[in-house]
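Here come two complexes built around chain A, the first alongside chain B, the second alongside chain C.
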Partner chain A sequence: MSTQSDNKFTGNPREPEPVPLAQADELGIKQVLDCDGNANGNLADPNLSEDEVRKFYEMMVLVRAIDDRGWKLQRSGRIAFWIPLLGQEAVQVGVTCALDDKDWIFRAHRELAVWLLRGKSLKMLFAQFYGAEEEPLRGRRLPCLIGSRDINLISSTTQVGASLPHAVGAAWAAKLLGGSEKFLIFFGDGSASRGEFHSAMNFAGIHQPPVMMVCVNNGWAVTTPLDRQTASANFAAKGDNYGVRNVRVDGNDPLALYAVTKDAHDNIEEYGPTLIEAVTFRLGYHTSSDNPDLYRHEQECELWKPWDPVRRLRLYMENKGWWDQTREDALIALHEKEIQEAVTAAEAMKIPGPASQFDDVFAETNWMIEEQKERILSEVKADD
Partner chain B sequence: MTEMTVLEALNAAMAHELEHDPKVVILGEDVGIAGGIFRTTQGLQNKFGVDRVIDTPLDEKGIAAHAVGMALYGMRPVVEIQFSGFIHDCIEQIMFCGAKYRWVLGGEYSVPMTIRAPSFGGIMGGIWHSHSPESYFAHGSGIKIIAPSTPQDAYSMLITAIRDPDPVLVLEPVPLYRTLRDEVDETLKTQEFGKAEIVRSGSDITVVVYGPLRHKTVEVADSLAEDEGIDVEVIDLKTLIPFDIETLVNSVKRTGKMVIIHEASQTMGFGAEIATSVQAKAFGYLEAPIDRVCAPDVPHSYRVGDEFYIPNKDRIRAGIMKTMEAIL
Partner chain C sequence: MFDFKLPDIGEGLAEAEFLNWSVKTGQMVKEGDVVAEISTDKVTVELAAPRSGQIHEICVDVGEVVKVGTVILRIDDQSSDQVSQESKPAEKQLEKPSKVKAVKVRTSPVVRRFATENKVDLANVIGSGSEGMILRSDVEAFIKQEVSQQSGDQIIKLKGAALSTAQNISKAANIMATTSISFDVNADQIAKCISENNLSPLTVISMCLIGTLKKHPKFNATIDEENNQLCISDHINLGIAVTASDQLLVPVLENIGSKNSEEISASIIDITARGRHDQLKPQEMRGSTFTLSSTGGIEQGLITSTTPIINHPNVAILWASRFTDRPWVSEGGIIVAKVMSCTLAFDHRYLHGADGFAFISDFEEFMQNPSSAL
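Here is the complex of A and B:
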C-alpha cells in the first residue's frame, strides 16, 4: 500500500504491490492461517469443530461454483448482469457465521453466501438472478442484489456506501428502543471515499450503536487502485479519528474473519462499534461490464493465488485429516447437480408483469400512480 | 380551541407525538436546548430528554441518512433541516434511499420518516434562506410533499406526517412562523393528505396556491372583488404529492380560467405539473390558457428578492387580471 509520500502513480496497469497478507505482522493484519493453511499466525486458532469448519469450506466452494455459473449465464445472455465474487468467499462466510440470525446484515454487492447461510434456497437465489416474479424483490434489482426480510438481509443500494448510515441508524434505533439485535454492513474500499462513510463513522463514534462495519478492501474500486482512493495508511485507521474501534484482518482467512467478527459482536457493549477492514483481493472482474486487462497488471492475480481462501482452508482441513480428494469430488458433483436444478427451476419461472412494478411505491397507492399505470398497461397491451 | 402561532402549532404537534409514541424522535442541528434556530422544538429536549430530541452533527446528508436507517428499524424520526436551502445535500438520501426503499426491498420495509424543511422567502434571507425545494422532490417517487400554512394545518398535517408509513417532506412556512396566530382545535389530530381547501369561493377565475402565499392571494382576491367586481376562487393545494386534481378540475369547470401562484422558480416548477394535468382533464372548459405567477429562473436576492422574486400582491393581482383579460 502506498502512502502520501510515496506517490508514484503513473497510470495503469503497473507493477503490482506485494501481497499485504504476506506481511501480516508488519501491517497489523490479524491472521490465523498462513498461506499453506497452517494455524501459526498472530491470531489464535478459534478451534472450531470439524462440522463448523466444513460448513465454512462447503459454503465457500458452493458460492464459488455459483459465481462460475452466474458468469456463464450472463455471458450466454440468459441473465443481464453479474457481479463476480471470486477470491472474496472467505469474508462473506467467516463474518456471517459469527453473527446470530436475528442480527441485521446490510449487503454490499458480492455476499451471496449470507442468503444461503441463513437458510434461503439455491432455487430462490437463481430466481433472483433471473428476476422472477416469486423472488422477494420481484425482479426489481439487478442479479446478485439479493435481500429478504425473513432473514434480516437488506439488499444494497446501488450507490455504493450510501447505506452505511442506514446500518448505523438502524443500530442506533435498536439501542434507543432496547432491541437486542446487532447490525453489520459490508462495504467496499471505494465506498470509504463517500460522504456517507464519514457521516456513518461520525455518528457511530458519538452514539456507540451496536454496529460492525466491514470494509471489504479488495484492492480495486472498479478500475481505481487504493493509492488513488486514499492516502491513509489503511482503511481501518480511519476509525481512529472518529472514536471507532478498528481492526485489520486477513480477508482471505475465514478463521481470522470469524474470530475478529465474533469478538466485535460478543463484546459490542464494551467495545461499541467496530470498523473491520478485511484485506482481500478481487480475482475476477468488477462486474460483467468490466475488463480488468485494461488496468490491472497480469501478474497481480498470480501473486494473490497462493492466498486463495478456498485453497488455504482446504489445506487446513487436510492437515487435520478432515478432508480429502474423495470428499472434494463428491462435494463438487453435488453442487453441480444442485445448481443445475436451481437454474432449470429459475428458467421455468414467470417474470413479473408490468403491473407489479407499480406496487410498493407508497404503502397506499395514489391517483397519480394509478392513472399512469392504467395508461401504460393499455399502451403495452395495444403494442402486443 | 387554543390560540397558537404556526410555530407553536408545530411544537405542539411534535410534543404530542413524542408523548404518545416512544418510536418518535426529533433529529436536527441545534434542535435541543435552543429549540432549533427558529425555536420550533423549544422545550422539547427538556421535557423528553437528549435521546428523544437529538442534537446532531452539522451534516444534513448524515442526518437524513441516519433517519432512514432508524425508520427501517421501525422508528418514526422527525428530521429538521435548518433551512430548506440546505436540503440539497440530502436529495440522494431522501429521494434515492428513503423514498425508494419500500419499492426496492420488495415492499417488505417501510421508511416512516418526516423531513421538516423551513421553506419560502419573506424574511430577507437571500438565496439559501428563502428556498422552495418542492420540485426536486416531486420529480421521482415514494415521498409525499405537504405545505401547511395555517396553525391548524400545521398542527394536524405534521401529526399526520409523523404517523404516515412513508417519507413525508413538510414545507414549513417560515415567514408565518410567528406572524400568523389563529385558533387550533387540538382534537383534530390528523388531516387526510391529498385534499385541497377552497379558501375563498368564487365564480370568475380559479387561483391555485400553496404555502404562505395563500394569505396574500386571499387579500388580492378580496380587493379584486371590491375594485373590479371579479369573483376569485382561491384554492390552497396543501398537499403537492399527491395533489387534489378533483377539486382543481371541478373548480376550473365552473370558472373556465386558472392561475397558479408559487414561490419556486418557473421552469419545471410545480405549476407546470398542475397546468398540464388540469388542461388534460378540462380542456373544453378553458376560456384562456392556464398561467403561472412564480419566481424567475434567477437566484433570490437578499436585498430586493422579497420585493419581486416572490410573487407580491401586485404581481398576483396583475397575473389574475392578465388571464381575466385574455380572450381565447
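Here is the complex of A and C:
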C-alpha cells in the first residue's frame, strides 16, 4: 500500500514479488524443469529411470494427501496441531533420495517424506500425529515433529535453527571417528537469522565436516517476509563469507534438487560442506495456529501455483509417456485407502499416561525425578 | 451416534463464537467436510467433520459463544461406539474443572491475590485454563456475574470483530485531536441526478466525495504516529461504514478514484450486501484512506449533526444524513428543498479549520453540480 511507510511492517499485506523461479538464470538458481515440466533448464536432466522418477512423484503426491488429511484431523479436534507442507513436497523428496540410507538427516518442520522414504510405515507416522505411546518418540513431540533413531532421522526442536550446530558437530564427530556416513540438515529461511546458523557455518567452514545444509527458503518465516529476513542477495551467498561452498536451486524442481544434492553428497571429500538454498514457497498456513490472511497478500499464492512441484513433475512424466490419468486415479484411490487405514489404526492406539514423561530423562533415574513423579501422580489421582 | 465436541483448534483456545453452519439437519457429510465457521480470539477458522454420517442435530446457534468441550453437532454414524473420542486424555481434561473445584483450587499467586482483593472465594470459581486452572478472566467473569445476579443487568461481552472495532474506535478517540464541522447541503440537484441516471444516493454522494478528495489530497491520507508523519495516498480507498446485525463494519472500495459511476455503484451494492450478511473477508476491511458514514437507511426523525469518530489511521470521516424536505432560502424566497445534513470530522493535529472549510466548499460545489463529478 502506498499509504504505508516503506520501512516498517504495518499489518497490511504488501504487493507480492515476482516468482524467482521464472528468472532462474538471472538469479543463479539451478533448474532442470521449466514451469511446464520440460527439461530445458540451466542444469542437465539427471536422466533418472522411469521407476526412480515415479518413486519421486508418488511420494510427493502421498505427502500432499497426508497433509490434506492431517489438516482436517486437526480442524475436527482429533489431533492437537498441524504443520502444513503444501508446495514444499519437492525439496523433501529430491534431497532425501540423493542420500544413502546410512546418512543422517536432521529435520526442519515439514519433511514428512523422509520418514516414508526410509521405509517407516504410514501407520506409525499417524501414530506420531496422535501422540501414541508406541511411536518412536512416545508421543512427546508436537504432531509432525517426527524422528526415529533406527533410520538416522533426528527430530527437530520447535525452536528453529537450534539443530544446526548439532548437525555440524555430529558430522565432525563422525569424521574424527573415521566413519563414512554423511550428514544433512533442513532448516528454514528464518533460521538463517539466528546465532546458531553463524556458529554452524563458521564451524563448517573451518573444520570441513561431511555435512550438507539445506536452507528451505519458503518465502515466509511465520509472518516475516524475505526482505525483513536478510539484506544479503540471497541465503546461499551467506556461505561465501564462511568459506562454505554454496548453491541455489529451484526448490520446486525435484530433479534439480536431486542433482544438486547428489553432486554435493558424492563429492563431499573434494567440496567439503555445501550450503544449498532451495527456493520454494509455503502455499499453506505456517501451522494450524496461524492465519496468513492477516499478513500475506492473497495474490502471492496465485503467482506460485503454476510452479507447483507436483504439477511440473507430472507434466515431465506425461511427456515421457510414463504417466496418465488412469495411473493418477489409481494412485489417489490407493493413498486414500492407505491413509484411512493408518488413521483408524492410530486412533485406536494407547496414549501415554502422565507418569511416562519422567521416563528417559536420564539413563538412570534420580531422587528429584522420582519426587516430581510421585507428586504429579498423587495430584492426577486426586482429580480422578 | 457421534457427539462432536468443540475442539481446541488453536493453542489453548477456551471458547469460540459460531459464525455460520454449512450443513443442515438430515444432510449427509463425509469425514473432513467443512461443517461450520467459527471465530476465536485470533481468527476465523473452518471446522471439519470428524465422522462420516447424517447430521442428526445442530446443537449451537449462529452467534452463540460456546466453551471448548461443548457438544456442537451430533452425527449419526451408524455406531454407538464413541470410545475413541472419550478415551483421549484431551477430552478428559475438559471435564475436569468441575471436579477439580471440589478437590483443590489451581491458580497462580497473582490470581489468588486478585481474588482476595475482590473478596472472591476461589472455591466457587470454575477454571477455564489447562487442567482447570483458574485464570484472572475467570475471576473477572465471576465478579461480573455476581453483580448482574444482584442487579438483573445483562452483561454483553465483546468478541472477535466487534472487539477489534471497539479497540480501534477507542484508540482513535484517545490519540486523535478530533474536531468537526456540521453543515447542510441543498440536495435537489443530487436527487435529480439520481433519478436521471438510475444511481443510488450513496453512489452519487461517493462520486462528489471522490471529486472533492482529489482537490484536497491531505484528507485522503493515513497517519503514521511512530514517525509523526502524514502519508498522503496517491489513490482513494474509500471505507464505507455498514451496520451488520449487531456490529459495525467498514469494508473498503479500493482505488475508487479510477472507477466510473457504474463500477462504483456495483461495488457498493456488492460490498454492503455482503457486509450485512457477514460475508466480508478481513482483507476487504483494510487499507482505507477516507471513510464515508451514510446513515440514510436507518434514520428516523430529523437528524442534523453527529459526532463521527475517525477510522484510525485515516485522518477524516464524513457523515451524511438522508435527504429530508426542509425550508431553504433561494433567490430571496423560501422554497421546499431536499436537504442533506453532514458532519466532517478530522484530526486537528494534521488538518485545520481552513482546510475543513475549503473541503466543504468544494464538496457543496460538486453537490450543486453533480454531473461534474460523474
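We take it that the second predicted complex is superposed on the first by the 372 of 384 C-alpha atoms of A that agree within 3 Å, B and C clash if a C-alpha of one lies under 4 Å from a C-alpha of the other, contacts with A are read in each partner's own complex, and residues count from 1 in each chain.
Throughout what follows, a contact is a pair of C-beta atoms (placed from the backbone, for glycine too) under 8 Å apart; a residue touches a chain by one contact, two chains touch by 3 or more.
Since the structure is predicted, the reported quantities are computational estimates derived from the model, not experimental observations.
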First (chain B), second (chain C), both or neither touched by A:288: second
Winner by number of chain A residues touched, once chain B and chain C are compared: B
Contacts of A:140 with chain B and chain C, given as first, second, both or neither: first
Partner chain in contact with A:13 - chain B first, chain C second, else both or neither: second
Chain B versus chain C as contact partner of A:179, first or second or both or neither: first
Partner chain(s) touched by A:351 [first = chain B, second = chain C, both, neither]: second
First, second, both or neither for A:76, with chain B first and chain C second: second
Contacts on chain A seen with chain B and repeated with chain C across the two complexes: none
Chain A-touching residues of chain B, taken from the complex the two chains share: 22-23, 25, 51, 56-57, 59, 61-62, 65-75, 92-93, 96-97, 102-110, 141-142, 144, 165-166, 194, 241-243, 245
Footprint of chain C on chain A - complex, ascending: 1-5, 8, 10-13, 69, 71-78, 80-81, 288-289, 291, 293-294, 298, 347-348, 351, 382-383
Complex contacts: residues of chain A adjacent to chain B: 136-138, 140-141, 147-149, 154-155, 157, 159, 162-174, 176-177, 179, 195-196, 198-200, 202-203, 206, 359-363, 366-369
Of chain C, residues touching chain A in the complex: 4-11, 31-32, 42-43, 45-50, 84-85, 87-90, 96, 99-100, 103-104, 131-132, 221-222, 224, 226-227, 229, 231, 233-235, 237, 281-283, 286-287, 289
